[in-house]
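In what follows, subunit A forms one complex with subunit B and a second complex with subunit C.
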Partner chain A sequence: MTIKGDGVAIRRFGAHSSLAGKVSLILFAAVLVFAARAQGTPPAGTPPAGTPPQGGGLPPGFMESLKDYKFPDDISKFTGLDFLMLVRRTDIRSSFYKSDMTATITTVSVSPDRGTFVRKEQIYRRDKDDAFLMITLEPESRKGQGMLRVSNNMWRYDPTSRKFTHTTLKDTYENSTVRNNDFRRWQRSLDYTVESLTTGKLGKYDVIIGELKANNDEVPFPRIRMYIEKQRMIVLKVEEFSLSGKLLRTAYYTEYVQIGDSYVPTVQIFQDGLIPEKRSQVTYTNISTQPVPDYIFTKEYLERMSQ
Partner chain B sequence: MEISITSGQLSSKAMIRAFSILWLMLAAAGAFAQAPPAVIDEQALFGGEKDIVTVIDEKAASTGVIQLVQDTKTYPVFLLDGTVGAGLQGRYVPFGATAQDRQYLVGGVNISGLSLDFLPVKNIHFQAETSLLALPSGIASASIDASADLRVSDFKRFRASVQFRYDPEGEQYTSPTILLDELFVDTEIGKKVFFRLGKQRISWGVGTWFKPSDVLSLAAIDPDDPAASREGPFAFKADLPIGLNHAMLYLVPPLSGNAGAFSAAGRYDWVVGGWELSFAGFGRTDMQVSPRAMFTFTGAIGSIDVYGEQVLLWGADRTFVKQGDTPGSYVTYRPDDRVFLQSTLGFKYSKSTSQGFSLSLNLQGYYNGTGYADARILLNTAARQQLRSDSANYSRDVSQPGMWYLAGQGSVSQRFGEGKTYTVLSLSGYGIASFSDGSMRFNPKVQVQMGDEGGKMSLTASSLTALGPKLSEYAPQGNKITPSLSLSIRDTVSLSASVPMLLQDDYSIRKVSVEFSLYWNAVSF
Partner chain C sequence: MQNMHIRLAARNLGRQPHRTLALGGAVAFSALVMSLIAGFVNGMDAAVQNNVTLYAGGHVQISGYTVSWSGRSQNRASGSEVLDLVRQVVPDVRSATTLVQTRATMVFGSRELQMTVRGIDWKEDQLYRTILILKEGNWDSAAISRPMVLSAQSVKRFGLALGDEVLVRMSTASGQQNVTEYRVVAIYDETAAGGLHAAFVRAEDLRADLNMKEHEWQSVAVFLGDGAQAPSGASILKRAMERQGLKLDGQSRTGAVAGSVSYRIATVQELAGEVGSALGAIRWIGYAVFALMLAVCATGIANSFRMVLLERTREIGMLRCIGFKKKDVFASFLSEGVLLAGGAALAGIVASIPLGLLLSLIPFDPHGDFGAALVKGHLLFMPSLVQMLIVLVCVTIAAILTVVMPARRAAAIAPADALRVTA
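Up next is the complex of A and B:
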């Protein structure tokens, strides 16, 4: 090191350049070797070939305990446990454990102060690995924004800064009445316990109505009231309340498609509880259960699809 | 500037109107087909003849795509978004005015975030966004961001992005300036290895205000807008995803005439549990930038998100200045024979309740081993002059010169009322401090929003405050307080006023000016 001043030029790198260069090359090689060694491992969360789907992220026995469960024939005889198992069945039916699932989702949000706003997203689900990717298709100004969630890892990509943010924090969906979790498989039977039951009618359908209370503080709604149709055991309506009992949102599932054992609510209407004129409708189309290439569930795909 | 409507402008206006009508028609066609009902009637929703369940053949779904509703888009697509308003703009200096200070009250036209998207076909997207403030004296500020995104497939595309900036009264773009933002091609081999080749923004690191591992970006982080885009280099990037893990390699070709002066950086992102760990290395053949090894992590401990970066450099990557042997003289030196450490650690927490309460916090500390333990020497203009004359990269040498930093931001909000009285009150702010030169800046903010997302009314009061000696890192102009108030009514009328106050070292007032504007954003696309 040389110290110079008052108009005398300083010496720049010299004697240590070659040593530093070697250190740099060694470090660089180490990174590449590490990468190459890891190349042979399967994607995180992917079970070995031949392993039956376990329902990634679900507790052991979640699916098996329902296999031989016998529901009462008379809905007036349902117990709290029966209803919880019914909710579990709706959770499982909202999932695709034997295949991937893709769909295009259009959300039309109407606000008294903000007018009408339309968003379109492409979603990719691999429920057996608890993998979920969502990419914005419209509006054009936000095209390519997206999020990738695998188990408890979530990445958002900001095309402006070209930066990924890895987080475990929960978030809502563009301040509409829709939340990201509305597009994923449900897991209400894990998050809630049954408090009371009644029966009723919703339109022409006989329904079992259950009041449920959250068993953790991770869910956005501490209390919900579910209306489940008796015959096909599908959710028709969910009212979501604050801790003080204020109705915050009502969700209507007005159309379903059944693919194998799975049910997808293809038309969902969300009514805001605090601003009466504010509501959203979510409509699914372009549904497919074709296998999704592994590269879809990568950060790289998020980056490539962005503007 | 004289504003008159010519026949050419009229035809532009007509074109804009035509585009708007086309856009409205397209939006309406898409929106009303799938819009929620105006009134929720449960009997209508669940009492109709048609069964609510449609059965789809499992095989058909597994071999094709089921289109449940018509989802076709007609091209070309034109989209216009943004507002144009007219109003008053003024500046008054009640205390400490000099002959150079302009004081005025004039009319102005304000174009705010006016964007045009044009898609002639599905995979070609041209976009331009402009903001402009025109006063009678001329253009007070103008910015245009234009891009072209030409895609062959998901992984193959060409993208070009340019910026125009003009801010005659600002510090940076006093003359019209065109900047190349990005110019790259994307491609892949076998959908296994992905390439991005060309000038591109590159953001490494997981920090918010301090990112010691962000070695490839060409621009420093703006402390007041740390998420803003920053210029990147011309680089060749190869990315190899391995499940959720990624290996990537960057090669930066020579920026000057020295053909041997290229840089290389490699990184491996490893996802384990709920953590993402990144190991990286950087080197440059001509050693103009110190070689370094980097480690970053993000994850969660309980409900708190944690992030951090650790960087080991061989050489400080900075020319320092210090007091010479004689009083008033300064000497420079460059320690290039030892290892330096840069380390940052941050925490994020957020919580929201069904009662309408939200809280979010982000706190980051930074130890910069390549900085001055006492950076106050850079407050001395003679020391800076010595550094400027000796340094090959002066701006880098005075960038983030401190050793110890702390930054944070937080917000608390509470929802009140419902329906017409729906209101959100929020308190927020950020702050950043250098303990090495005693400077800091912070901006507390109070906001009241009425209606959905403040659609009825939004009132914001803030006070950007910089405290520290002149030439310090976060108070380069010395002590300065800028209280501001802005009011927006139905997103149409906007009123803003700010009162920048320059203070002496003893906090007595040196100068006060009042800047205000009132605009009627009458045209909204």
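Up next is the complex of A and C:
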């Protein structure tokens, strides 16, 4: 009886201990969640911290397929596949899949209607998730405005009205020749297929010129022409055409900086195809590849920084 | 006896013509201002609705959205199911047509301008041909490829002339960039269209530019015999569409599969909401002016009748001595007040009609803040009989209320005292 009684007592103690443990665990988990929220949780749909990179919509093998790819030595021998792989290499090399990226962007826009307009922004990019956050630093009148892209959603934030409005990668940036898409990682090799190839010279550089056609009807520019320098495997110029075949915009990538495995185009010039006097120059400075905390890519952070 | 009171009141009013004119003039002016405000607010209301109907392309609009291969919603739909349903269930439909339109950037030289480009049936359309007054050119441009009709202001801003070619940059229904050319064949007077600035092109040209198929459309535009019936027409249509199993916005679109279509119904009243709220402010200002004018009327009448009481104390005493009762004195005072205020208010209301029509001839800037509340650059004066009767009744009631006190005092005077005081 005693043993039984003790046994009951022990079992009961054990049950209490288990319940207390579960409650403690739940409380601990709740504390963790609130602590994380206090720092700004990612918006709905954002992978929680610590989740392995999802590839931000990249197809399997996107990176690996290039590892053993052998490009022809002679640029006149490039095939469509070779060129597409070259485009893929420029996509990967201009992006930061192994680290985050932070930089200061200065955009100078010139337009016959509006004159010259200068903006300075801080950008945070996480290319593996195709996420970025941009906060305006200058001019004073636009300070605190921002743009956030997470999980295929994109918002523009206005600190005056304190409202987020949906925007898309296709939208133009502040009515200039820059598009929101230009601040994102490059992924032309996913959106286009090669139609034809030629070789030529761009200034002093030998280039391969590829005519590419969009492989779906939701890519903003149905056709593009890319000028890639063979030696360094970097994009020097891209012409973007409308559905009717009219030149809409020419992008020049005039300066590159090598950071680790990446080649970042630090000076980008975008010239309007219809109004040649309308152009913009985007300059990247203070580039850093230090890890960026998860809470940066949240609406809460953008709101907080805008105050 | 009642007749005698009115005759006495009329005679009394004629005894002091200057005072009657001054007081009557003040009351008439107040009634005139009230009627003018009511008439012009009605006109602005109607103008806003008409202009928004023009901007939107109809009293009721049903937009179609198709889910693309990537899960994105594209403003395009096809088939005649919705159009047939509109014709079957919505009462008093004047016209129901499919519409294609887009926000585009027009480029000419180094200038660019954002505007709505609307595709219309070039041959069959009667609506825009009737509404738009062409300053130059004409609609009969069958031989010209890709014609465009532009507003005079846009043409002026661009420095364009008939026959010039403009570039139009737009996004296709799926979001691709496209640039095409159009030739200006006619220029319309935007002031005559409530400040409308859309560019009109052939529907088939715009459909091709938007990379849409021949049978595809973006919305169905419905014009009703009476625009005020748009909300009821829309709710009838909504119920009919739900019965047919057509998806409407607001219904869950979770798991929408590629190719599935949903619709959104909007009425001109909803679209006019923002301008309507501005008009609401004007209406409240009108009510405030109305109340102020009424107070001014009442004060004027009350003061005048106090003076009348002082002047006529002896006369009242004499009338009482020859057999006038208290209620007769009271009634004659009240009749005088009602006759004066009612007559003056009626005169003011009647005068407001020609004055309102004259004021509506003054041209205003149709591009200004209230451009949408103008008709052909002018304020519209729409007097309403009910509102005029309300003004008349309100002024008369105000007169009665203010005359009651002096009339009661006049009736309360003892005849002997009245004769002694004034003797």
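Simple rule for what comes next: the second predicted complex is superposed on the first by the 245 of 307 C-alpha atoms of A that agree within 3 Å, B and C clash if a C-alpha of one lies under 4 Å from a C-alpha of the other, contacts with A are read in each partner's own complex, and residues count from 1 in each chain.
Everything that follows uses one rule, which is that a residue touches a chain if its C-beta (ideal position, glycine included) is under 8 Å from a C-beta of that chain, and two chains touch if they have at least 3 such contacts.
Keep in mind the model is a prediction, meaning the values are calculated, not measured.
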Identify the partner contact of A:S244: answer first if only subunit B is touched, second if only subunit C is, both if each is, neither if none is.
-> both
Looking at the overlay, does A:T167 come into contact with subunit B only (first), subunit C only (second), both, or neither?
-> first
Which partner does A:D206 contact after superposing on A: first (subunit B), second (subunit C), both, neither?
-> neither
Which partner does A:N216 contact after superposing on A: first (subunit B), second (subunit C), both, neither?
-> second
Touched subunit A residues, subunit B compared with subunit C = B
Should A:Q258 be classified as contacting the first partner (subunit B), the second (subunit C), both, or neither?
-> first
After superposition on the shared chain, which partner residues are touched by A:E195: those of subunit B (first), subunit C (second), both, or neither?
-> neither
In the superposed arrangement, which partner chain does A:P139 touch: subunit B (first), subunit C (second), both, or neither?
-> first
For A:V110, decide between first (touching subunit B), second (touching subunit C), both and neither.
-> first
Between subunit B and subunit C, which residues of subunit A are contacted by each of them?
-> 112-113, 168, 220-222, 242-244, 246, 248, 274-275, 278
Can you check the complex and tell me which residues of subunit C touch subunit A?
-> 68-70, 72, 107, 110-112, 167, 169, 171-172, 174-180, 209, 211
Mind pulling up the subunit A residues that touch subunit B in the complex?
-> 1-7, 9-10, 12-13, 15-17, 19-21, 23-25, 27-28, 30-32, 34-36, 38-39, 41-46, 99, 102, 104, 106, 108, 110-114, 116, 118, 138-141, 143, 150-153, 158, 160-163, 166-169, 175, 202-205, 220-222, 232, 234, 236-237, 241-244, 246, 248, 250, 252, 254-260, 263, 266, 269-271, 273-276, 278-281, 283-290, 293-295, 297-301, 304-305, 307
Residues on subunit B engaged by subunit A in the complex (per definition of touch) | 27, 30-31, 34-37, 40, 42-48, 52-56, 58, 61-69, 71, 77, 79, 81, 115, 117, 119, 125, 127, 147, 149, 154-155, 159, 186, 191-192, 194, 200-203, 206, 227-230, 232, 239-247, 249, 264, 266-271, 274, 276, 279-283, 285, 287-288, 290-293, 298-300, 305, 314-315, 319, 324, 329-337, 348, 350, 352-356, 386, 389-390, 392, 415, 418-419, 422, 451-453, 455-456, 490
Please name which positions on subunit A make contact with subunit C in the complex.
-> 112-113, 168, 170, 214, 216-222, 240, 242-244, 246, 248, 274-275, 277-278
